[in-house]
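The structure under discussion appears below in the form of structure tokens.
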Amino acid sequence: MSKDETLGEALRRQGITRRGFLKFCAATASMMALPPSMVPAIAAALEKAMRPSVIWLSFQECTGCTESLTRSHSPTVEGLIFDTISLDYHHTLQAASGSAAEAAREAAMEENYGKYILVVDGSIPTANPGYSTIAGISNKSMLLDTAKGAAAIVAVGTCAAYGGIPKAKPNPTGAVAVSDLIKDKPIINVSGCPPIPVVITGVLAHFLTFGTIPELDALGRPKAYYGQSIHDRCYRRPFYDKGLFANTFDDEGAKKGWCLYKLGCKGPTTYNACATTKWNEGTSFPIEAGHPCLGCSEPDFWDGGGFYKALSMPTEDITRAAVYAVGAGAAAGVALGAMNRAKKARAVKTHEKVTINDLEKGADDD
Amino acid sequence: MHMPDVTPAMELKVETADALTCNVQPLLHEIRHALARLLDEGGHTVIDLRSLPLAPGEEQQLLDELGNGEVYARLHALGPTEIIESRYPGVWIVVHYNSSDEVIGKFIEVCDIPNLLRSQQADIQQGLEQLQAQLPAAIN
Amino acid sequence: MSASLQRGLNAFKEQIDAPVAAFFSSCVRCGLCANACLFYTETGDPKYTPIYKLEPLRRVWRQEYTFWGRLAKAVGLSKAVTDEELGDWEELVYDSCTMCGRCSMVCPVGNDITYMIRKMREGMAVAGHAPVGLVGATKRAVEIGSPMGVKLPALQAQIRHTETEFGLEIPVDKEGADYLLLLSSMEIMNFPEFIGAVAKIFKHAGVSWTISSEAFEATNSGIQIGVSEIAAELVQRIVTAAEKLKVKSVISPECGHAYMAIRWEGPNLIGRPYSFKVVHILELLDQLRAEGRLQTTGKESQRLTYHDPCQVSRRGGVVDQPRNLLNMVAEDFVEMPETGTMNWCCGAGGGVSSNERADEIRLKAFNRKKQQLDAIHPQAIVSACSNCRIHLEDGLEEYGMDMPVISLTETIAEHLAEDKS
Amino acid sequence: MTETELLLWVRGPALQIATVIFVLGIVVRIAGILMLGRKKNLAEARGSAVAGGLRTILSRSIPDPGTLQRSTFNVVAGYIFHIGLFITILLFAPHILLIEDVFGVSWPALPTPIVDATTVVTIIALLAVLIHRLRHPVMRFLSGFQDYLVWLVTILPLVTGYLAFHRVGIAPPPTLLAIHILSVELLMVVFPFTKLMHTFSLFMARYYNGAISGYKGVKS
């Protein structure tokens, strides 16, 4: 596939019919969380879209994001998107390694300077550059170097987006998010641990289709996927509203599929598309499987006060504080009370007998 | 040593309440409105089932409500696609699969015929060219 | 010795107790007490809001008995109560409060505001901020034995007159009698018929009773002005006489605050329980009725209503007895819209009647009673307090209403069955 | 401080601080009231002070007909916002969880939409109460800084709770939740030093009132 071929041409060359292309567009619209009425516009745009160059950098990460993207979805329509893009560097997926791989990256950067998309997964250690290096290059300098010529950066996964688990307390590597180091490029945070695969491809498809980055929320995430909380779109929400909760993982409420709020579900403060897009080809998502949401697409989710502690519960021992306060209060109260009693007793002692001659001011003085 | 009785098999019974999100009825009404619009103005409506929060079983409930009508079509374009007319003429259920038979999209279309069923202009053109190439002495 | 701010504030400190602290801690400034006070409802002036009348006392409580108040006072953040302030409050605490207790009945957090007014007056009086009229009455009570200056000869004259008129003996200083009857100066001076009525009823019912020549005055200016020592001295006179005559019970006459003084405050003022009982005349009459010792004949045909004296009913607990008695002799007894423990004051209790300065506001506040009466149009008002009677008459005259105000005891006496077997 | 750190702080140390001030303050106030004591009544009782006191604790929740008629707005709005506060504080599922965590007791929650609607009604009632306080001659006359402060710290948790529940506006959800919890902590800190104490002291006030009357055989 040559670099100046449009997507439409590339697909036709692969023997894909117009009907197949329309199906591809419908699936892409669904993937981008766009309404089906947008399909004709998407078809027109994709027809003319040029295949972009993509460089994928993996830093302090577990490869879960790449797994999420590749493992369960091959071959798929999203796969086609990847066929369409030019994935010029991905050290987990590419055959080349070592200096040959780095040469490929540098070549792609040079060739597509200012136009390529940089995808990053994993957080970047800042405490010591030696904590994570690729071909002897520290993550930080590789990111800064590669970001220079990027048209946009997609931070895939919570580690790249917000620091994620490497940044969890006590953050030994001084891990930071992409957005902590790069300030002058558009950054799209595709958070999640891992993110929903279609969200990754959806963002790429959006860029491919419209040549722009999608509308983002305050945390830099595409609103199309992160616009609503898990809680708001959760099929168990009616149970929350009715006040029906599972109290343990094996009680009647759990078996009946009641709300998992009491078991620590972070759905109310977590924004992601799990409840509608779901996982594994739309099969299920954690809450459907009976486990509370961990809030993995939110910053600092690992340090959020316990996965199984309900959001409204205190994170410190309040009972003990209250008991101590009662004790201290009783002591202080008795002390104050004793002072008051002494004062009142003094007042009683000071009291001079009142006679009818004491009822007027200065009656004696006259 | 006394061994306690072990329950032979763990029973896993997950009950799902009926119409948990209560989204099935509103969807059916939406389809009804779309059908009326189709009759009056010829308007074409597509509902993406992936964009809706549905409880386990609710999607099946909806499909059961719609039932199967006269048309069943299976296309092969970038993997199979099933297009079924429901028992309500004009209401179609369109399910796209990839080449591994995994569902990649599920839609309800309200129209006289889903666009995907029609032969596409570009494909006809291509077909014509192929046919012409097939025939050695075509009469122009 | 003379009155001074310091003595006043010292008295405040002495008076504040757990209930006062609980009350001040609970006030939410909802203002509901305003609408329970006739001085507010008839003037519309917010300064007459009952709880506001306690402001200086509240500040002393805060400054002396709460943590933050003490702290604020220590660092000079809160101003001490001044003599001038107490002067400003004199009118609120004495002229426009009859200690009727109605506000204490409506306060949603349960503040007994009247309880606190009574305590606040202890400080006001020794700070020299009691009304001149009330000081005069108190002096007369202590020095002459009656706030109106009634002396024994005046009583003896009324007794002789009654004995002649009714042909009955009025026992005086009869040792060993069951009951010692007290009288209010107002009864002696304005309603001497009361003495005859009681004599008639007691003869009819066979009650053994007497009047003391040493302690016949039931009223107690001490509890009105708010000087416990004086109040105690006045109570002590009665206790001494009652013990000397070895009576079983003392009868409080038709007077509201007298009942409060002798029945409820007395033992606390003298610091010991009595060796005798105290009953209100209506309590005794109702007891006689219940025992079948009180037989009446005929009924009042006119439309009657009953005005509850605040200290007898709401603050005293004698509520059902007058109704039982009225039902014996009234054909057409109607209650006012708010009655019993929720009755509206006549406007002259709690020392207001001894305070000429309060005449104007007292008459203005009477409009509340007028509205109550206008709702039922009685032909006569029955009551059981001479002070109420005088000021009901005064108010009715002021508002051009023609309606007699009569004593319940006297009404019963008029209907006594002639021949009792 | 990130939003999660803020939320953790308000759910942890800040809540501890607020709890200590709240509990300590209340205990000091109650001890201060009780220890002032009162004299034994030497007059012969006509009725039971204890029975009268207990009776008034309950009966004072119902206004007398005259007060209801003359101060209708105060009574009705007062009822609405007090019941509203009761429902929103004690019958909302997440709040019950907090109580269960601290005290180990719990009870059934009301359906969320009911609590939600109650919150709106309560906020409206509190706004109406403020307007009334500013306009009614008696209430305006009696009101000082503390009365407006208490109003503010009372309505804030309702408003912030509503915003956090619906996740509207200015800040991300964890921050909204943190702001809500902070506003409650503010209420807790202010509580012992203001007329908010009436929540506890009114039981004493009503008891004393009822006991004083009950001793004399009067139902107050």
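Order of writing sets the chain letters: A, B, C and D. Residues in each chain are counted from 1.
In this section, a residue touches a chain if its C-beta (ideal position, glycine included) is under 8 Å from a C-beta of that chain, and two chains touch if they have at least 3 such contacts.
Model, not experiment: these values are computed from the prediction.
Here the chain at the heart of the structure, going by C-alpha means, is D. One simple way to say how far apart two chains are is to compare their mean CA positions; for chain C and chain D this gives 38 Å. Chain D has its Cα centroid 56 Å from the Cα centroid of chain B. Put simply, the C-alpha centre of chain B and that of chain C have 90 angstrom between them.
Along chain C, residues 16, 65, 67 each make contact with two or more other chains. In chain B, no residue touches two or more other chains. Residues of chain A in contact with two or more other chains: 336, 340, 344.
Contact between chains, per the stated criterion, is found for A-B, A-C, A-D, C-D.
Note for the complex: chain A touches chain B at residues 16-20, 22-24, 26-27, 29-30, 33, 35-37, 39, 75-77, 80, 233-239, 255-257, 275-277, 281-282, 284, 288, 290. Interface residues of chain B, counted against chain A in their complex, comprise 13-17, 20-22, 46-48, 50-56, 58, 75, 77-78, 81, 96, 98-100, 102-107, 115-116, 119-123, 126. Chain D meets chain A in the complex at residues 2-5, 7-8, 11-13, 15-16, 19-32, 34-37, 93-95, 97-98, 101-104, 108-113, 167, 172-174, 177. Partner chain D is touched in their complex by these residues of chain A: 218-219, 229, 240-243, 245, 261-262, 268-269, 271, 298-301, 303-305, 310-319, 321-322, 324-326, 328-330, 332-334, 336-338, 340-341, 344. Chain C meets chain A in the complex at residues 1-4, 7, 10-11, 13-14, 16, 64-65, 67, 125-126, 128, 130, 135, 138-139, 142-143, 225, 227-230.
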